[in-house]
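Lettered A, B, C and D in written order, each chain numbered from 1.
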Amino acid sequence: MAIMTLIDAVRMAMDEEMARDPRVFITGEDVGPRGGVFRATLGLHEKYGGERVVDSPLAELSIVAVGMGAALADLRPICEIQFADFIHPAFNQIISEVSRMYYRSDGQWLVPMVIRAPYGGGIAGGLYHSQSIEAFFTHAPGLKVVVPSTPYDARGLLKSAVRDPNPVLYLEPKKGYRSIKGEVPEAEYTVPIGPARIAREGGDLSVFAYGMMAHYAVQAAEKVAREDGIDAEVIDLRTLLPVDKDAIVNSVKKTGKALIVHEDTHTMGYAAEVAAVLGDDGFEYLDGPIKRLTGPDVPGVPFSHPMQEYFMPNPDKIAAAIRDLAAY
Amino acid sequence: MAIMTLIDAVRMAMDEEMARDPRVFITGEDVGPRGGVFRATLGLHEKYGGERVVDSPLAELSIVAVGMGAALADLRPICEIQFADFIHPAFNQIISEVSRMYYRSDGQWLVPMVIRAPYGGGIAGGLYHSQSIEAFFTHAPGLKVVVPSTPYDARGLLKSAVRDPNPVLYLEPKKGYRSIKGEVPEAEYTVPIGPARIAREGGDLSVFAYGMMAHYAVQAAEKVAREDGIDAEVIDLRTLLPVDKDAIVNSVKKTGKALIVHEDTHTMGYAAEVAAVLGDDGFEYLDGPIKRLTGPDVPGVPFSHPMQEYFMPNPDKIAAAIRDLAAY
Amino acid sequence: MPTDTATRASAQIGEQTLLDMFWIMLLSRRLDERSWMLHRQGKIAFHISAMGHEAAQVAAAFAIHRGVDYVHPYYRDLALVLAVGVTPTDFMMSLYGKQADLSSGGRQMPSHFSNRSLHIVSGSAPVATQVPQAAGLAFAIKYKQRCGLVDPNDTTQPRLALTCLGEGATSQGEWHEGMNWAGVHQLPFICLVQNNIYAISVPVQSQMAVEHVADRASAYGVKGVIVDGNDLLAMYDVMADAVQRAYSGEGATLVEAKTYRPVPHSSDDDDRSYRSRDEVEAWKRKDPIVRFQRYLTDEGLLDPAKIDAYEARARAEVDRAQADAEAAPLPAAEDALGDVYAPVEG
Amino acid sequence: MPTDTATRASAQIGEQTLLDMFWIMLLSRRLDERSWMLHRQGKIAFHISAMGHEAAQVAAAFAIHRGVDYVHPYYRDLALVLAVGVTPTDFMMSLYGKQADLSSGGRQMPSHFSNRSLHIVSGSAPVATQVPQAAGLAFAIKYKQRCGLVDPNDTTQPRLALTCLGEGATSQGEWHEGMNWAGVHQLPFICLVQNNIYAISVPVQSQMAVEHVADRASAYGVKGVIVDGNDLLAMYDVMADAVQRAYSGEGATLVEAKTYRPVPHSSDDDDRSYRSRDEVEAWKRKDPIVRFQRYLTDEGLLDPAKIDAYEARARAEVDRAQADAEAAPLPAAEDALGDVYAPVEG
């Protein structure tokens, strides 16, 4: 077991899959000699050559569309979107094309591709380098949306994504690229796409989160356990689409209360879906209102520090929300 | 009072606003001599000339972006997207630009524009001529999203949209363009963007809907009133963003039960937000699970009749859901 | 493309192939006419036509390795896909939204062609999305050759990607980006623009400030060629040259076929608001099928009796296709739920 | 553009204006250098530089009606916006994310310029989105003139829209669509591409298969011009011509300024992985400010003493701007919530 950062685990997964399957290639802006602006592909151009690690033009829709075409021809593209904020030009390709091809062709044509995108705030990136984009893409049946929060999962889920016959949008919590460290076995493994993970067991209430917020939720849970004796369960959702309804409902069956946390803005954020699942399938188990702790309804994460901090959820805000809910 | 179709009311609103304000112009594909593929702009090219009713290139992102630029220069564009399905190429412009300009410029720059788009299924349009797109755009603070369901509202809300200093996405339920008829006064009026409308008062449970589904919900409510003595309240949400939380919670305060209906697919559809609002702010009033009746989680509305009917909610399905919920 | 008649690629086409090309054009036309009629009869919900474009499409299909090279067509490509191997019955099944519709099982509207075994890629409705995808198909071809996954000379493998669209659709950013990839990576890629001078009602002058779509090729370092799309042999010559360039690694070609749609945009359209009847009639006189039939007659390959035989065969095929489609079952309602995710192995 | 020296537009520039142009370039450079230093000192989070691009930008600004014509800049346009009227203090406020940041109140990262009273439109980070918007601004100018909302000769009104971007950003569909509108509607629009041969690390050869971005102009029926962007006077000539075309209704111009960025892409970049130090050094020798300073010295407009005076003034302005920005308050945390919707009247 080695201790590894999240971004190293991402790179390791790509390296392994490229070594394993000559159909796997990478494209995106600056992924070549530069190794990506976050260095996720560092060394891969040197190792696999310019044929398989391809600097794309500065044009996201075609990064995705060319990847899709290559996937139709049975290659296994990994397309990097430099920042999740810049995926929007590719929206039409992802929504109208990538996610619908299998269905619209009656199961004839597969699109086995991965779209990787660093997402999230708290990094002084302002409106356009901080976005959470999962809400848009979890409304796209046919697509899978995955958000790893640990190096272990980052490696295992990305390997599963590359091998999945379906398109996978793989969102990497970039604030944690280097700050999140964790154990990663040397031996190969995969983590299945689909099931959520219990990040901390608890009986008093359930906190649902993913990405950076899964860490903050665990920190907050530890804090309220220490300080208030509240025993919160933390569910790291990991796969956002398809929704792991069982994991969501089962936790609340046990705890009776739910707090959903994300850094994305409030209205129509992913927490709405979790809340809606609970409001129906979990209704009988609920002992309190379903709470959402999210970014506020503003057009983006502001740059300047006080406003950014105001926007972002953090362990203290989560702990406060846990206490309020526990007291209900 | 004249009886008018929904599309005639839309056209009337544009005509009036163009006559009233020389800054109002229309652009979009085929909006000129052809009068739009649905004939929403019929006669306007003749009346106002090619300078003010402008056939655009076949390119949605620039229809929106050019409209935005013109709005920044203090014109009042009405941009037509031929089918809501084809708005996705403009996603980046709408999400990153149109909806964020006012915030990112600290209130300096306004984007007073309207984007009209016929949306919705049940018209044998298949995946790409049947889409509901409100879920994507109600996650865009800074934008307003409006869906009229009656000719009266269609005229009044569109006039408000044209005069609004903020960008408004105006979604027209195209299946009802000609089938929905209603009274429209001769005198001018506007309908404010924001408040929902009680389409049918009732005390037993609340049905939330919009667009074509608001009509179906009323039909279903009349049916269960007649056949089962269930007295359902129907709320036509009309403005989806910002969310009219008060109207949602107040209705359930009265009825204790909520059914949310839309024709869009299930996961992360707009019903999730309504359910989430109720799961928190409405929790204390709930006497039963929050139910969603929606299209299934498939990539689009299928073309062939049996599959399309299976996909689409209709008055019978809504009536059945009302009965189930009432019996809870 | 050599203009010298003898060395023209079309001069090498065998007689039977010329007749086959004629046959596909005719079959497409009769199938198309029947579809319009079925729509008028209220039997089908929608039809969109290839009429007037048949020569451009059939020549394009015959110039590639049909059924092997990738084709990513657009909704107007009925004649093209028939030439590649789609049958009138396949098409009729989609018109009627029947379960046996090979392209989508009735999920898509008609004319959203797809046939995986023929290497016809499923298209959507938003125009031009197929262009960067086709660049991706072409990218994969080159990738596989260069990374040793296939033998570049293996003719059982796709060696180019052909995609089609209308002139209006070139206004989309999608087209720009696809063309740019094709140019930067010198891909085995052919973009065939069928310029019928209208995008629904919008004339080409409101669409672009250049006279020819092919004028845009140079912006991508791609070869651009203009051709009379109603002249089957000229069209074949241009396509054959583009195919040769693709096969030999010389890169991408943008072919602009000048043509016309003598009928409304689709069964939902009424073209009287945007063009004169005189204009339509003038173009009808340039009909590509009439023109090629005349040529074949002049060459002694066709005569009235043979034409009658082809016509009878076309009618029979279209009749049978219609009958088969009408007799075929609709999809089950629950088929709406299928094929959202492919199963994960292992 | 006339090449004859005497009739060149730049020959008409008055001496004081030449010195003003020099001054803005110098001020931009010194402000830019200070910003890099502040980043190294950990005082600011981010800087992105105009270095090397100053001549292209300043010439562009001086050729238009500054503060009146619309400018929709990109993140590299520090010298351009300074020339239009943004102050070093304004810029420093944005570097420090202070409440007094005029462009965004601290909401945006630095170099997302905006100033409504100067007609500088707020930009975002996704590249090229400003291009079709600028076409919209130009569309509005023409609309207002043609619909009688303004007098075309009223020089207090904007008469053109200028937008800028890098060569890499022209790969975006957004650019294609904006250029297309500008061409179809013959808009008073200037697109200035600052071609510094890299998009972060990606060289222009991986970006496009044409040698010059200006080669793309013809695809839009737009005039394309290539110019040495490090030659202020040549740049001014080209821009003056483009402005004249815009003002007189002749339509849009694509200006490609060949230049170089001698520093990394931004404070987050390290350029050693993608280009040689030799290349960078060679370009540094073509520095546009050094070059123009030499020219002005040769012309007798500058001498070492005058240069020292400019340098001292620049240092003082930058010092004061920094001090003012450091002393200014941050936004309140709750300012995060403001300006989501403008209030509806009546």
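The definition used in the following text is that a residue touches a chain if its C-beta (ideal position, glycine included) is under 8 Å from a C-beta of that chain, and two chains touch if they have at least 3 such contacts.
Being a predicted model, the structure only gives us computed values, none of them experimental.
Undergrad: Applying the document's contact definition, name the chain pair with more C-beta pairs in contact, B-C or A-C.
TA: When A-C is set beside B-C, the one with more contacts is A-C.
Undergrad: Report back the single chain whose CA centre is most distant from the CA centre of chain C.
TA: Chain D.
Undergrad: Distance-wise, how many Å sit between the C-alpha centres of chain A and chain D, to the nearest whole number?
TA: 37
Undergrad: So how far apart, in whole Å, are chain B and chain D when each is placed at the average of its C-alpha atoms?
TA: Going by mean C-alpha positions, chain B sits 40 Å from chain D.
Undergrad: On chain B, where are the residues touching two or more other chains?
TA: Within chain B, the residues that touch at least two other chains are 57, 59, 61-62, 85, 88-89, 92, 96, 100, 102-104, 127-128, 141-142, 242, 297-300.
Undergrad: Quick check on chain C: which residues sit in contact with 2+ other chains?
TA: Those would be 101, 104, 107-108, 112, 124, 126, 171-174, 177, 180, 184, 206-208, 340.
Undergrad: Going by the contact rule at the top, pick out the chain D residues touching chain A in the complex.
TA: Chain D residues touching chain A: 45-46, 97-99, 101, 104, 106-109, 112, 124-127, 168-169, 171-174, 199-202, 206-208, 268-269, 273-274, 330-337, 340.
Undergrad: Quick check: in the complex, which residue numbers of chain A touch chain D?
TA: Residue list for chain A touching chain D: 29-30, 32-35, 37, 55-59, 61-62, 85-86, 88-89, 124-129, 296-300, 302-311.
Undergrad: Would you mind writing out the residues of chain B in touch with chain D in their complex?
TA: Against chain D, the touching part of chain B is residues 22-23, 25, 51-52, 57, 59, 61-62, 65-75, 89, 92-93, 96-97, 100-110, 141-142, 144, 160, 163-166, 192-193, 242.
Undergrad: Under the touch definition given earlier, write down the residues of chain C that touch chain D in their complex.
TA: Where chain C meets chain D, its residues are 171-177, 180, 183-184, 186, 206-210, 215-216, 218-222.
Undergrad: Can you check the complex and tell me which residues of chain D touch chain B?
TA: That would be residues 70, 72, 101-105, 107-108, 112, 114-116, 121-122, 124, 126, 129, 131-141, 143-144, 146-149, 158, 161, 173-174, 177-178, 180-181, 184, 338-345 of chain D.
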